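Below are two complexes that have chain A in common, paired first with chain B and then with chain C.
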Partner chain A sequence: MAISNDPVETFRIEARELFEQLETTLLDIEADPANKDLIDTAFRALHTIKGSGAMFGFDAASAFTHHVENAFDLVRKGQLPVTKELVEVALLAKDHMRILIDDPEAAPPGRSEAILSQLAAVTGVGPVAVVRSGGGERPEPPSSRSTYRIHFRLVRNALSMGANPLLLLKEMREMGDFTVVTITDALPHLEEMDPCGCYLAWDCVLSTDHPRSAIDEVFMFVIDDMELTIEEIQPDPKLLGEILVEHHAIGPDKVEQAVDRQPRLGALLVEEGLVSHDKVVAALAEQKHLKGEAEKSKKSETADIRVQAERLDDLMDQVGELVIAQARLRQLANAGNDTHLKSLVEEIERLSSELRDTTMGIRMVPIGSLFSRFRRLVRDLSKELGKDVQLTTSGEETELDKTVIERLHDPLVHLIRNSLDHGVGSPAEREGSGKPRQGTVHLSATHSGAQVLIRIKDDGRGIDPVKVRAKAEETGLIQPGADLTATEIFQLILQPGFSTAAKVTSVSGRGVGMDVVKRSIDALRGTIDINSVLGEGSEITLRLPLTLAIIDGLLVRVGEGRYVIPLSAVEECVELTPEDDLRATGRDFLNIRDEVVPFLRLKSLFHLTTPPEPYQKVVIVAAGDMRVGLVVDQIIGDYQTVIKSLSKIHSAVQTFSGATILGDGTVALILDIPRLIDLSHASDSQKKAS
Partner chain B sequence: MSSAPTVVIGFSGSATIRQADDVAHRLRQALESSDRIEVDCSELDEVDVTFLQLILAAHKSAEADGKVLVLSSPAKGALLDAVAICGAEQGIRADFWQARGAF
Partner chain C sequence: MGSVHAISRPVEILTLGLSGEAFALEAGIVSEILDLVPVTAVPNAPDHAPGLINVRGKVVPLVDLRVFLGMARNDDTIDTRIIVVETVLDGEPTIIGLLADKVYEVTEIDMQAIETTPKVGMTWPTEFIRGIGHRNGGDFLIVLDMDAIFASAQ
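Take a look at the complex of A and B:
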């Protein structure tokens, strides 16, 4: 990847994030039109896109965004209501802006105008002229956030002259985060008061992206004779006394004297009559405001370190090499008798294992970013299909390797589309079957050991096993009358060329899709479980490994060769007694705590001719609900396994998912547990049939 | 507490600089006539800073004379908006605008 020294590329990356945020916000606004914070967030995002777009020469995008920003400015000021139409056109506009920034050449001609006229129809405001860059003035670049302390007091007769301090305060409040305290010190008793005089003063703190000049503008019309100070302050939370001194409310010496008599400085100063109650309140409010600002900037400091994906991949590779080298070191140390060396090796082993975990942690991304992309999909799709479907999500904080997350997008799109198209019925149909008109698709993610489970659950029609069976027989996927469980029948959906949809829609039903999903999930070393109750809905569970790079494995020996079994799949190890071995010949089943578990003899599976050893072991592994025993000659122990994928020539090999390099430099193959379990069940069925 | 009955004065419609003299007059009268004054602002549609000043000044005077002046119900609508803009819904007078305490 080109190092993003290219500012335009950096801008594109940032814009992409802004667009995602904008989309989420717009969808939130649609659900909660009264939420002012959301409107502000949308407005700010648009403002930033416009401003920085112009800075980086995306004039078309900037000019276009300007109109949308205007519309949201009206909404912010309460002059334009939030309607479904507005959100709709804003979403369209967002998509268009994205094209204008990602690839301006690709933007369809006339699209900008079409969206803008649609927008004008919603806002009732004609397109506003924009200053094009090149024509002189550029939109002001977004200035960085600053915090100002503003103190003002109008002249006594200002109110009679038509000044309205509430409007001034309101204007400033709209510029950013605003804290204000009214100072009533000068307020006389009612008897002595001129009802129309202005006695109040205001101490404000404003943190804003606007430049200082914008604050000056607020006071432009009342500036004559008024008391006004505007100063920029650093958002370090200050001590109360420091703020009071800076406000010239009290001298530093007085504060120090009072500090000696802690603990409650504010109360003490007021008691002493050194400073008014209002001033203390104002200082406390400022302290609180600055604390909030400092935390905000701290947050953005820690949250934003951009690292190229390639560097993380490199780091992971290097950690992998380190883990392999460390395994060799351990082997060497164990061969000798040097206890110092052994303890050092243990230390290095611990460190490299921690380094491995940290490195994997860096690559972990919460799955929420992926989930939020589907909200738009569900919204647009249910509209297109004339259905009313809401997407609910849970477990957004669940973390997965970023590569896994990226590669999950397409399969999940397929699955969600399927749910909407085949699963959830039309509102009328749903009402007819006694369900609420609005269907629900629930997307969830949970941890389960070294796996992450992602579920897509809908409350739709469910899958009809009879139909699936009929279709499978028709297409020759299964023999007519084959003995299959419901789970096995549902798995047929994943076969290539299978589709039960009676009619083909733009969304699905072309018989591609589910097999593509299966292939993508297989490539991630994951599995797909399908569950469904006819008439109640279906649930598809994707089981995915946490990471693709390094796993904890169990190293075993079969004959001369060594193999790795992913530790996450291992349930227990038992001994295969010679009696069991003999009895089991022909029908390979073990009785484990009254449960019958089939087992596979890896030796015969791998066509090894060495004679069986006297003390064979069975490693019981599980995938999903199924358990299988694997007969091995020796269990060597746990082993940090760096997964190397097999070459293309070996890609057809079914029983291995990869290989790893052992401490002595030899290669061990990694067993593909789900495949082995399938194999065992297939041979079971054969045996039953014969 | 004296046995004088609570005086309730109500303001409705607008209470801006145009009505300021009238508002001040009524508040002064109320303070003179009783030790306990309840101000009903629930019917106000429009207020400006003069009204806030007058109520605060009346409150200050009442306190100085050992009298009690409270709102009959928490500030809402136009009054609450004005109070909020001034940042007075928090801080020392929060209780006053919330019509808490007193009585």
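Take a look at the complex of A and C:
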């Protein structure tokens, strides 16, 4: 289905998917060169790129792809072995095709020729000119003559998408004896007709020497969504009724009934003379109807629909508004004594929470699509660095909000690059330390409550806490001799300007990277845990919320203001005893089950002047391994809320990650827990140092 | 916006009162004018944008123009209004609420009649002021340069 009015843009989107599929397939072929299915998949992808590329005017891309397709045709026929070199050049070619289609102007001149001569060296076949184009071109052993019945109907907007039914018919006509009947039953009234729409269908009979696959290829580029049936028939002369039955136009019993009614029909025929023709057309219409019914039930099993991402965003916004309105309604209903209203409100609450879940479900995408993009990265990078690294993945089916997945790409690239560059050593070095020559980077995703954990684990050298500490002291990030746990030391590598790589490589070590990763993960309201055992490897865990749009929050009051704390960060709530309150002057620490937890007084942090209240509460929140208590005046309760980002005007205010609208229509701020924890630890180490 | 072709024909302006003085801004950027609504204070926010308001389900920053003009803040009165404007900040379309002590009217002003701001004798920072015009009667009307104000508000 079209998602954009610009067919070229639609094609680009589809091509992008094809390229991703092609890349995955090529990498699979490299691992499993004997798999014929994979080669067929690659071939089909190339064929489609070539064909539809030409259809949308990307002639350079199409001509270029043709050569690569030829090479895979040879492989398919067993005339060319799959080699590492072939996969290599095919991957390069794929990248180049993508440039040719995304932005042909940006393609470096001479690149096509360079890749093609590389390809020719691998295949042993000189570049050949494009002789034929379109489908039905592959020479296959001639088969005996057979007759096919072909029925096809293009999608309504096929013409604006660049399809030309006349060309399809012409192509079939050239294949043998061809009879075609145009079905006009779907033509609407003139006033309802879209002049660019394609309302026609065609019933064809083709007797040809070409194999069935040749007919399939005619429809290769338009096959999506179209109605197409191809069946072989025996070229025996048939009665009209039999053909109609075979067309599934009418059941045999119906034909019999019609035959029974024939005297009356005959009478009509005598009267009007034209009825027999209409009857056939009606029969055909009925056929389509019956078939449509049958197909509908068949399609419902796997039907997919492509939707513009903005529409989903709009839907999410509207559901968000609904959640807010529903909260207001609940507040109103609870203020009165109308039990009918209350039960109705409960029902609406249930419906809106279901609607919210469904809408969020639509936005959920399995993370596997993201993981698969890193296979190429690891492959190319390990080559560049002279290392032997394999990427293994697990939990590909774990679902995350589409926006989160998109914004995870860059941070994950950074982390994987780091693992390959700093973590995994060269094969020789690894052998020296008693490890297998091949290093492993494992990428995994798992659900954990309302969060998703993404882990990047390698079996490399690990991070040396001594080096990290030395570096941090040298750059002034920490005071010399500061008392830090291993976890705290590892967190230092997330600081801006920190890089332990002795030399700057093209891959990493510019001192930018980890802090950028941290910022992107912060922006996703996620956290980063780092674990490492020197000599054994490191593990970086990203904790991310399932969605960006809605959170479950804890509504609290500080002074006169109400604030939302993301519930996923809340560990427990305790009372601030007067003793703790008084004792804690200068050193704000709580003893929670023999663990020392620092706490922040939100009132003083927010510079509020209201007097302290008698029964203050402490909400213990955690991000990663860090815990901090937040002192509030009152805990109001849990609250499901829609996150609205703050404008640029408030970008300097760091303690809030966003705002939300409460049931009474006022705005409440959402606390940024990772920032608050950073803040508390920063003031903490200052105190320790002084 | 303060360019040459704007000068040739009259433009629509919204006139408002801040601490007893009459100011004007282009009516084109104004989307609506609201009575005062509950304001949520943002702790540690800059003085010129002390809070947030709810405008039709959207969280909108409330900007106090008086801070830019170096004027004292008055208490809210029955005449206090919020002027909701749409602008682009850093490439992002943004809705902003402006606090006004009073909103008078939408009127036309001939940009040609606007005198450039004298460098001396001005109480207000000249960088935020496009010029000085006259109200129908003869009172002074200070035309604000909203682009400059928003640019420094970030």
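FYI, the second predicted complex is superposed on the first by the 426 of 690 C-alpha atoms of A that agree within 3 Å, B and C clash if a C-alpha of one lies under 4 Å from a C-alpha of the other, contacts with A are read in each partner's own complex, and residues count from 1 in each chain.
Heads up, the rule we're going with is that contacts are C-beta pairs under 8 Å (C-beta built on N, C-alpha and C of every residue); 3 or more make two chains touch, one makes a residue touch a chain.
Since this is a predicted model, take the numbers as computed values, not measurements.
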| item | value |
| --- | --- |
| Partner chain(s) touched by A:189 [first = chain B, second = chain C, both, neither] | first |
| Partner chain(s) touched by A:381 [first = chain B, second = chain C, both, neither] | neither |
| First, second, both or neither for A:669, with chain B first and chain C second | second |
| Partner chain in contact with A:400 - chain B first, chain C second, else both or neither | neither |
| Which of chain B and chain C A:180 touches, first, second, both or neither | first |
| Touching partner for A:655 - first (chain B), second (chain C), both, neither | second |
| Those residues of chain A which chain B touches in one complex and chain C touches in the other | none |
| In the complex with chain C, residue positions of chain A that touch it | 321, 324, 561, 605-608, 644, 646-653, 655-656, 659-661, 665-669 |
| Of all residues in chain B, those that touch chain A in their complex | 17, 20-21, 23-24, 27-28, 31, 48-50, 52-54, 56-58, 60-61, 64, 82, 85-88, 90-92 |
| Residues of chain C defined as touching chain A within the complex | 37-38, 40-46, 49, 52-54, 57-61, 63, 89-90, 92, 94-96, 153-154 |
| Chain A residues within the chain B interface of the complex | 159-160, 164-166, 169-170, 173, 179-182, 184, 187-191, 193, 195-200, 202, 204, 277-278, 281, 285 |
